[in-house]
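Here subunit A shows up in two complexes: once beside subunit B, once beside subunit C.
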Partner chain A sequence: MVRLITHNLLACHAKGCTSNNFPLQLKDVQLEQREAEFNPDFLRRFMPKLDWGALVDTARQLGDDSLPLEQPEMFDDDFLRKLHHVLLEVSVEEGAMVCPNCSHIYPISNGIPNMLLAENEIG
Partner chain B sequence: MAPKVTATTISLDAQTHEDTHVHAVYDQIASHFSSTRYKPWPIIDTFISSLPTGSIGLDSGTGNGKYLPLPLDPVKSVMTIGMDRSRNLLLIAQNAGGKERSREVVWGDVLGGCWRRGAFDYAISIATIHHLATPERRRAAVERLLESVTPHGGRVLIYVWAIEQDVLSKRSIPGEEEAQVQETAGRDVFVPWVLSKPTAKGSPQLDGEAESPQVFNRYYHMFEAGELRGLVVQAAERMGLSVGEEVAGGEKEGVEIVQDGWERSNYFVELRRWKRVNGI
Partner chain C sequence: MPQTRYLIIFAQAHYDFRIPELLSVAELHGFSIGLPDQPEPTRPYMVVQLEHQDHAILLASRCILIKSVCEFYAQGSSYDELHAAVRSNKQEWIQHQADASFKFTVTGFKCSLPAQKQREIIESFSYMALAGKIDLKTPDIILSVFEEYDSRVANVEGKHEQPNRFKQVYFGRLLVEGTARSLAAKFDVKKRVYYGNTSMEAEISLLMANQTLASSGKLVYDPFMGTGSMAYTVAHFGAQMFGSDIDGRQMRGKEKQAGVFRAAAQYGVAARVVDLCTFDVTHNPWRCGDLFDAIVTDPPYGVRAGAKRLGRKKPPTEKHIASLSSQRVGALRPGDSAPYIPPTKPYELSNLASDLVLLARYLLRPGGRLVFFLPTVNEDYQAVDIRTMLCEGMEVVANSLQDFGSWGRRLITLRKTTNQSYDPPTFEAPSEDVDELDGETAHVPAHKDFREKYFQGFKPAAE
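Right, the complex of A and B next:
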């Protein structure tokens, strides 16, 4: 699967594409909801490493506006459950990710993103 | 009888060599290979268990994903994302640990850098870099690992296959001049994988119809003593990182070799990146 936690880490790495290459834009996606174990400790400690803006934008593009634009300073259980859902339970099974800078397309099939480049595309 | 390891040379260009003798082989033997690779090595579990809860990591060359469910004793909660060049292995890795499609996996190359720089807290690369066909490519793979983790304490663990000890002991310890010759470090070999044709359980083989098993030659570069450490030093140099412990008033940014050793026919190295804030 490409859950949004993974999407938040992936960037375009085509030759010469070094700025504005994140986040990749999801396109023509088929989503699946997969229940995952709720782990508030993990989420609390992991949260500072997220690119919050990218996560919220991407979730909203997928029709989920449960997360606030600004990362809250206090995390209550309700918020952590929403974050858990967006980050770990929404999974892209099919579709593509497109680089906002160079438009390189990374296809997603069977929940596996294809991040391979041809030899001449590697930076 | 165990099939023999044979010496080889790289006659094709490196990418084609790896495509033919590594990537294509693993795609074909994925399922059989995976059935023999289920037990994680203890040092790797110890490493993953030492990470704080909330850590996120990359397993570069994850294979069948056997390290993705670690730590074995889940008192801490970390998440490892698997990357591999073999898609058929990734289809298996998605289910690592028994829960169907519970793992995050990415189809990618250890020489690619498809991550936000410094996004990970840790990266492991177990029995992978030895499949790269030139010293430059192996060094580049180490650079990609160092780039993937945060400069502020990011940790890296690398394992590669070693030339056997008894072979090593026949060699004299190289003098300084000899040690300079990088091209001759280590040994390029083919390690055969014997894939027996699947037969229906319990069905007797028909006379004369027993198919001979298919043999795939996997390419390995067997590392010699000091070679992995040497790659780390070269990779750090190219990235402008000093090698050694963080010293107050010293270099601004570096990588510490936390441990460096040999275990069960493999060399391993554990690294930690550091960066001083405000130059103090």
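Right, the complex of A and C next:
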């Protein structure tokens, strides 16, 4: 269940792939709604760590345009609930994440992404 | 702030973990705890100072090793001494004199006291002139006497026959029973819907969770997740949990829904397991650092679960690498219940430990904690062993031994003391002779090559 919060934190790490390696492109995805705990403190604390552009783009590609393009400066409850939904409740059960730079495919199966590298891809 | 004294009655287990746990729970809740000048953590009773009764209640509700907490009235090395102290501390208990219904309990540590003897002891407190009625079922107050015997006194039966053979006797009013202890039964591995041979026993998983200061709103990570034992306890205390492992099968098991998710659901914390990922922690995909409030883990040390990392013992030739260029992890076979598994090489424990500390410095937020087990050879262990794996910006908070005889594992708690951001580690083992160039030989910690030592039965290697 790769939630978008996780997707927002993972970059391609194949040998030599150090630029344009984030965000990974979601492909052939099967989405599922996941239960998650609404926790405003967690969201507030985590927000500075997010790559906002990547999050909004990815959500839009998956058909969710509830988040504004610019990260707002004030977080009201309505915004936090939308963020909660996008970050933690939209999740990818099956599919793959593909590196925009080197095209490495990271498969996702039963909700667990396989980020292992092949022998020729490690430094 | 005025301090009040409380008597803590510890459970008989893991005494080396008692003080670290008290201090962690106090830090978590933001209060201070006054320990004895020379704490003796092996003893079952400890008198501490706290500002508020609420703090004592918080400790009892979160510390796994607390059996109960009493308001402290007095102690002594004989009953004469004890009674004198009770008399002179009258202000502590006088408010109960007039009308509180009460009951007395008398407990001997490592010694059971016959009913007749207990009655005599209770009667010896008659000078307190408690006017309330005795109520054995629902008393307003429970007054407790604890006799602590030296565990070396062999003859249990005869102990109380010889007057004052006990070390110390304590007296106080029961304030609260420890409620966190029962969590050990809740998280019992054998009752879990998913576990494996690497699962961590429940009580220790709980102690580890307390060392992380887990609470609502925090994010905690286990990079050697396995069957996820610590994820459940950390999530139970409110934190969100992230896990990864080089071997996805450890986290998923055999059913379609991953075992870790099923076990999390059993404990009602599925909503707090953020995600699981398969990767080698030495080749990790984290986009940035400063992410986690804590990292909690039981690293592999090669006994039950191999310590390994991607690569080969002998580096492959360029030609070999070229021939592999079309290989894709997980792509050889559909579904990754049986994915392409890249070759791995052994990962020596002292290198792993230093790497883990560097990784934690990168991934933790300032003030965040790294909590992990380090197995070691008891006879050879030295305090400096821990220093061999530290780096700038990471400081030791606690170091508790779980003793298995010739070996043991130390639960190490470190804190990231720096606000600075550091680069991710390179995970390259330092070359062995670097220090010798400086004219001094590096200290070799007892945990180095732990796996080999374990299988040799901890005998010095044959010449």
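The working rule: the second predicted complex is superposed on the first by the 123 of 123 C-alpha atoms of A that agree within 3 Å, B and C clash if a C-alpha of one lies under 4 Å from a C-alpha of the other, contacts with A are read in each partner's own complex, and residues count from 1 in each chain.
FYI, contacts are C-beta pairs under 8 Å (C-beta built on N, C-alpha and C of every residue); 3 or more make two chains touch, one makes a residue touch a chain.
Everything numeric in this text was worked out from a predicted model, so none of it was measured.
By the touch criterion stated above, A:25 is placed in contact with neither subunit B nor subunit C.
In the superposition on chain A, contact of A:105 is made with subunit C only, not with subunit B. In the superposed pair of complexes, A:35 makes contact with subunit C only, with no contact to subunit B.
After overlaying the two complexes on the shared chain, residue contacts for A:120 are found with subunit C alone; subunit B is out of touch. By the document's definition of touching, both partners, subunit B and subunit C, reach A:51.
With the contact threshold set out at the top, residues 1-3, 5-6, 8-13, 22, 36, 39, 41-42, 45-46, 49, 51, 110-117, 119, 122-123 of subunit A are in contact with subunit B in one structure and with subunit C in the other. Touching subunit B in their complex are the following residues of subunit A: 1-3, 5-6, 8-13, 22, 34, 36, 39, 41-47, 49, 51, 110-117, 119, 122-123. Within the complex, the subunit C residues that touch subunit A are 216-219, 240, 242, 244, 246, 248, 251-252, 256-258, 261, 270-272, 274-280, 283-288, 290-291, 310-312, 316, 321-322, 324-325, 327-331, 335-337, 339-340, 342-343.
Across the complex, subunit A meets subunit C through its residues 1-3, 5-6, 8-13, 22, 35-37, 39, 41-42, 45-46, 49, 51, 88, 104-107, 109-120, 122-123. Residues 15, 52-56, 77-79, 81, 83, 85, 87, 90-91, 94, 101-102, 104-109, 111-117, 119-121 of subunit B touch subunit A in their complex.
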